[in-house]
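What follows are several structures.
Common to both upcoming complexes is chain A, partnered first by chain B, then by chain C.
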Partner chain A sequence: MASQTDYVTLISNDDFSFVVQRSAACISPAIRKMLDPQSMFMEAKTNTIRFDNFNALVLEKVCEYFYYNERNKDARDVPDPELPTELVLELLMAGDYLDC
Partner chain B sequence: MAVVIPAGHSKTNIFKQGLNGADVDFDHTWQVLEGAFKEIHTKNASALSFEELYRNAYKIVLKKKGEELYNRVAQFEETWLGQTVRGDIVKNLSAPLMLADGTGRALATQTERRQAGEKFLKSLKGAWEDHQVCMGMLTDVLMYLDRVYCTDYRHPSIFAKSMGLFRDQILRTPVKPGMATLLQILTSIILDQIAMDRDGEAVDQFIIKSNVYMLEGLYESDQEVEDEKLYLRSFEVDFLRSSAEFYREEGESLLRESDAGTYCRHAKKRIDEENGRCRSMLSEATTQKIQRVVEDELIRHKMKGLIEMDTGVAHMVENDKFADLNLVFDLEARVDPKKPELTKAMQKIIMEMGTSINNNAIAASQAPAQASAADEGDDSKEKAKAGSAKAINQQTAAALKWVEEILALKDRFDHVTKVSFTSDQMVSTSINRSMADVINTFARGSEYISLFIDDNMKKGIKNKSEVEIDATLDKSITILRYLGDKDVFETYYKKHLCKRLLLSKSQSLDVEKQMISRMKIELGNSFTLKLEAMFKDMTLSEELTNGYRNHVKNLGDVDPQRVDLGINVLTAMTWPLEAFKGASDQHSDGNDSSRPQSQHVIFPPSIDRVRLGFERFYSDKHSGRKLTWQSNMGDADLKATFPRSKGGKPRTHDINCSTYAMLILLLFNDLPSDQTGPPASLSVEEIQARTNIPWNDLKRNLQSLAVAPKTRFLVKEPMSRDIKAGDVFSYNEGFKSEFIKIKVGVVSAGNKVEGDRERKETEKRNNDSRGFAVEAAVVRIMKQRKELPHAQLLTETLTQLSAQFKPDVGMIKKRIESLIEREYLERLDDAPVPAYRYLA
Partner chain C sequence: MSGRRGGNRIRGPQSALTDFLAANNISAAQIRDDYERRRLQAEADNAGNGEGPSNQAPEQDDDEALAVAAQAEEDDKKSKKRKRVEKDAVDKIKKSKASKKGKKGKKGDPEDDDDEYDDELRIYGKAKPMPGQLEHCDVCNKRFTVTPYNKEGPDGGLLCTPCGKELAKDMKKEQNAAKKSAGTGKKRRKVESDRLDGVANGGVKSLVQICIEKIAKHHEDIEELGELPQSVLERLGEIFSKNRVLKPKTLPLFLRPDLDSVIVHDAAYLEVEDYQQIFAVVPKMRKLVLGNACQMKDGAIDYMIEKCGNLQHLQLYAANLVSESGWQKVFREAGSKLQVISLKWLDAAFEDDVVRDMVKYCPNLERLKLKLCRRLGEDAVRYISDIPELKHISLWISNEVSNDALLSLVEKRGSGLQTLALEKFIDAEDSLLQAIHDNCTQLFKLRFSENDTVTNASYTALFTDWQNPPLTFVDFNATRHVDNNSSEGPEEAIGMASSGFKALMAHSGSALKHLDLASCRHIERSAFFDVFNGGQVYPALEYINLSFCNRADTGVVAGIFKSCPALKRLVAFGCFDVQDVVVPRNVALIGVPRAQDAIEQFGFGLGVDEAISKMVEAAA
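Moving on to the complex of A and B:
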């Protein structure tokens, strides 16, 4: 079983790697399950997830959201994150996919 | 981004549109998933990509093929479980185990059975754990299916579904057609293992616990209702039933074969064991239930038998087995906070022991009386007299013994309650009630208790420390508390106290007063009112005597020959003076008793002068009061000089004797004493004529003066023990004694058990006074209420009087009748129920 690192790598379908904090990424239940050392899948062993349905633009926004969420976890009246209009639909789908 | 847009039903359409372009081939995708599932089940998941599987499932769901996917997964699991897993488990099932009933067990030895069972349990546990892990992974991968499809269509989640499949495929399917299912086999194996454990054989607790854990994780239906766990529904029922059977049999055989103490210890051990078993092998949830089963079987249903065993509670009490009693108490306390069986048993034991004490006391007081009755038949009166005197002593001893034994009984049970019953409220109340019953069923209880106190006041407290005296007083009060007929006790106590005070028999007035103040606390003010008045009379009398002495001194009549007088003026209402009369009447012929004796006693002039002097003095101080002289209660100090014997000096003795004895002796003073002639003498008749002492008292006093060897001041002719008419007495010149001070004892001056006649009289008096008390209570109540139905009047009267005694209803009715006759009350004619009205 792979050791649990502090950072994990998320790779988009156009091969961009995003190294993010594990705790931030695990905001998504789907990602958490994928990285769960209890499950014996490849992702958990390599601490790397490849997303075949996100391109780098989307994944970048997703990672931004992870940090945005982590930063504002306990705060109130947080301003909405800025989202480029053209990405909104894809981000919506990503949110559904990742369950967050 | 759930914060912005929550995933919901209405949104899914958008996603589908967005994905329309990407073509999804269901069969192809499913093949990928199915392959991966197989890998997972064979523990080969490390090469698989979670994301890929997740994405595939996601796509299928988006394509609205969720239902198909769901069914495919279920089917896949069903096949997997039904074929691969079940096959493995059945392989581990040895033939005897399959029968799942007694015949299977009989076929193998215990060790074989245990090992085979453990093997089976192990394989089942393995299968279950694998299934859990795999299904965990599957569920993770199919998370999107669960989230979207199952939630929307209200299907059980994949995980729940697969657990249901495990239950159906593995546990509920018969091993072979027509044979037991694995669940039945599993249950019987676990029960068998538990039975082995109970017999003390070591079993693998962990493996059982794992299997129980599995049963707890499974439900009757796929809805997973909390109280429909397979464990609760199937296993626990069987477990409780078989345990009940086991303990029923064990309890019965134990009751037959061992003693109560062992039984209790065993039962306690079993309960603890079952607790531990629930923790280590089964579920905590069962603890309560199995406890109840064991308690039911080993305690509740057996308690009666246990208590009534030869070695049961009675035996334990007898042999002071406090630890065992404590066990019995613990056990019964478990099943019923009221502990009915134990209290019943204790009450019975106390009643038995108490009754035997009572019977002993009765036997002890009657046996000598019968003996004396037999003697009387022999016509030897003398012997009978001695016998009856002895009998009275013996009765007193019996009374003291009775009190001591009752106290010992109480102490004993107090100890038992404290040590064995943790001072339990219920038990001690019932024990107290039984003690009260014991004491109250004994008719002479009141008299005996009073006698006990009397004895202590006279002798018992001599040379004792204050603490010990306190303890004695406490003891007396303790018994007194139980006594129902407190008025009877009061009568006796008054009588005994009266004698103690007048005859100065009491060791310490302080202690007497303490006793009374204790009674006041315990029984209330009204109870001790008269007793206190008696003490007051005593103090007043002392002042009066001193006052009279000063008065005499001031008269200037300082006559050295004058007789000194000490007096006790007693209020007639307060003092039970009839007690003295009664005692002296006891053996009289009957014609004497009707006549008041004291007035007729003739005093010699020297004494009479003093008497009259005091009467004058008293009526000066308190006009309108009448003094009645109770000479039969007094005593006198005499200084007697006997003529010198040959060569000696004249001897002087201080003699202390009763007033009557003094009168008799003074008669001989006046006789001409002629040195040469025969001593002057008086016959019994002459003595009586000159003194007018009642025959009975006279006889007794003469006996002590002429018969008792130490105080033979008189010589009797003829010489015999008994005083008969015609006996002649003369002054005993040759009297010798080495003591200067001589006390003339009078027969039966102390407090003793009453004779039958006395008792009857006391009872009669008591009934009379109760009658008055009842009437007073009725009038008090009616005065307040004016009108009252009969039943209510009865209850109120009973409550009012309960502090003093328990009146019987018949007496109350009679009293009401008599009040109606005397026109205190009248019947209400128009009342629906019998009722009375108070006539002012």
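Moving on to the complex of A and C:
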């Protein structure tokens, strides 16, 4: 069984891989649960999550958000990140799915 | 010359330029020496010249210099006049330099040395033209006569007067913009508003929140929202309502035949056809919420009854065009399925008789809220007492209602009630709380606000040996005695005071989430300290409102931080003894005065213990 790595891989439904820091990815409670070693999920064993519901464009923005969130956790008056208007609805669904 | 002169010396590699200059008999050293000499000469002349005119307004100088320079230009010969002008100009430059230095920081001599050094260096760069000479503007490339007042352009060259003015204008604009963005003004207000809305608690907004705001901003461009989950759709509807962009054009975004609810918190822009569209598109709805439904008429009600047979939850706000008969029809024809009715701000129609009909035809009613319906009175309360399944009741009736009517309500329905909210019943007396104590055993939420007759002893008795499990939501705001002749209040405290508060927390502290004690001004500081002593922990408490409890001070707030690990918001308007609070992480402290630059304070990065130790440091 693979040990806890510092980085995890998120794969979009069009087969793009995004390697992100575990700490950043775990900002989403949903991802945190998937990667929880106690859960014995496939995802936790391989440190890889495949998202069949988002494409690379959306997943990229989601990853960007993770890092934005991690960086600004304790800051105040943080400016909102720029999101492309055409992706906002899909991002909204993704955010709702990932609970973040 | 210099190249040859040092024939015996060891030299570094020479540049092509030096070679070229040497070949043409031009010496850099000589040029520098000449420049130095001219400069010294000019300085000596100035010194002899004494003080020139000094206090002229800059523009005048400008014009004068320009005029003189123009004249000088005509004169090809080096007239005495021109020399004088030149000297004047140099003089002025020196003065302006000196004054600038003075402003900079009065360092004095060392800077002068720097200046000399600069002067020496400058000859290797492009020399600044002297006033009176001609120069090409750095921006527009026009030829102009140099004056002491020409501004320096972005690339170091001089600017002509019009371009200089433009530049100054731009600079000012930039400065203003910088001030604005750095200034807290509008931004702070926005942050404050967000905080009061509970949107942000420091740190970063959630991705969902950011997206929703962005969508609301671009509401005009959206054609369809797709298969958004209902919770997100509702949140989006709330934001649309708040921004007042829920109009006939955007309404269809929120109507989907597969939904079982329609929630429009601001329906003010919707017209007759829009109401029909709502009921036509979403006939399966079980829950209907329309705020500001000011254009909803009997016709819409008829259509709703006809189309939406499953309606269980009806919540309307300010639906004032619905007539008496319209309301009767709702209850008679759709009443059997209704479980939740919530009506607020009905002025024109809706009388006690309609309430009687409602009670008669809605046997399954579980949750009822009637607030500020102007025509309702005591009879309505008596009718409501006969709703068999009633579990949640919220009343705010503008007309007088006697204590007896409320007593009979609590006695008849109290045993089944989970929510009891009675606002502004000024005639309620001690016996009402006694009745609550005796009859209610399943309450989760208790609100009893704005009353000045019930004594503190009754509150204490209510929470002493009460069979009811701990409450999660308590609101006793503005239960206090107000008499302008005795500002301290009566000796026997009226309203929620120290012992009542202690009894409340002893009874409900373990489960309490929401505590509103605004304006309970008789709660003593010692009672706050006893309750929030740091040792006793209230694990669920998320919201506390202490506004205008004027005995609460900084120590009380620190105790609250310590005793309430789950705290999210602490509202403390008008608590003037709360000062210099350091707010721990994830907590929003709202309304503390004397902190004008931070009316909204929220913690960032500090744990509770760190924050408290900081406060202690600050106080020491």
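One rule holds in what follows: the second predicted complex is superposed on the first by the 99 of 100 C-alpha atoms of A that agree within 3 Å, B and C clash if a C-alpha of one lies under 4 Å from a C-alpha of the other, contacts with A are read in each partner's own complex, and residues count from 1 in each chain.
Please note the rule applied: a contact is a pair of C-beta atoms (placed from the backbone, for glycine too) under 8 Å apart; a residue touches a chain by one contact, two chains touch by 3 or more.
Keep in mind the model is a prediction, meaning the values are calculated, not measured.
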For this session: Considering only touches as defined above, state whether A:K45 meets chain B (first), chain C (second), both or neither.
Result: first
Seminar exercise, completed: Between chain B and chain C, the one with more contact residues on chain A is chain B
Exercise. Is A:V19 touching the first partner chain B, the second partner chain C, both, or neither of them?
Worked result: neither
For this session: Would you check which partner chain A:C100 touches, where first means chain B only, second means chain C only, and both and neither mean what they say?
Result: both
For this session: Please indicate which partner A:L91 is in contact with in the superposed arrangement: first for chain B, second for chain C, both, or neither.
Result: both
Exercise. When the two structures are overlaid on chain A, which partner does A:Y65 contact: first (chain B), second (chain C), both, or neither?
Worked result: both
Exercise. Regarding the shared-chain residue A:K73, is it in contact with chain B (first), chain C (second), both, or neither?
Worked result: second
For this session: Could you say whether A:N53 touches chain B, chain C, both of them, or neither, answering first, second, both or neither?
Result: first
For this session: Enumerate the residues of chain A that count as touching chain B in its complex and touching chain C in the other.
Result: 65, 69, 80, 89, 91-96, 100
Exercise. Which residues of chain A touch chain C in their complex?
Worked result: 62, 65, 68-69, 72-78, 80-81, 83, 85, 88-89, 91-96, 98, 100
Exercise. Considering the complex alone, what residue numbers of chain A touch chain B?
Worked result: 29-30, 33-34, 36, 38-45, 49-53, 65, 69, 80, 89-97, 99-100
Seminar exercise, completed: Within the complex, chain A is touched by chain C residues 187, 191, 202-208, 210-215, 218, 221-222, 225-226, 228-229, 231-232, 585, 602, 604-605
Problem set entry | Footprint of chain A on chain B - complex, ascending | 1-5, 7, 11, 14-15, 18, 43, 45-52, 54-55, 58, 136-137, 140, 143-144, 147
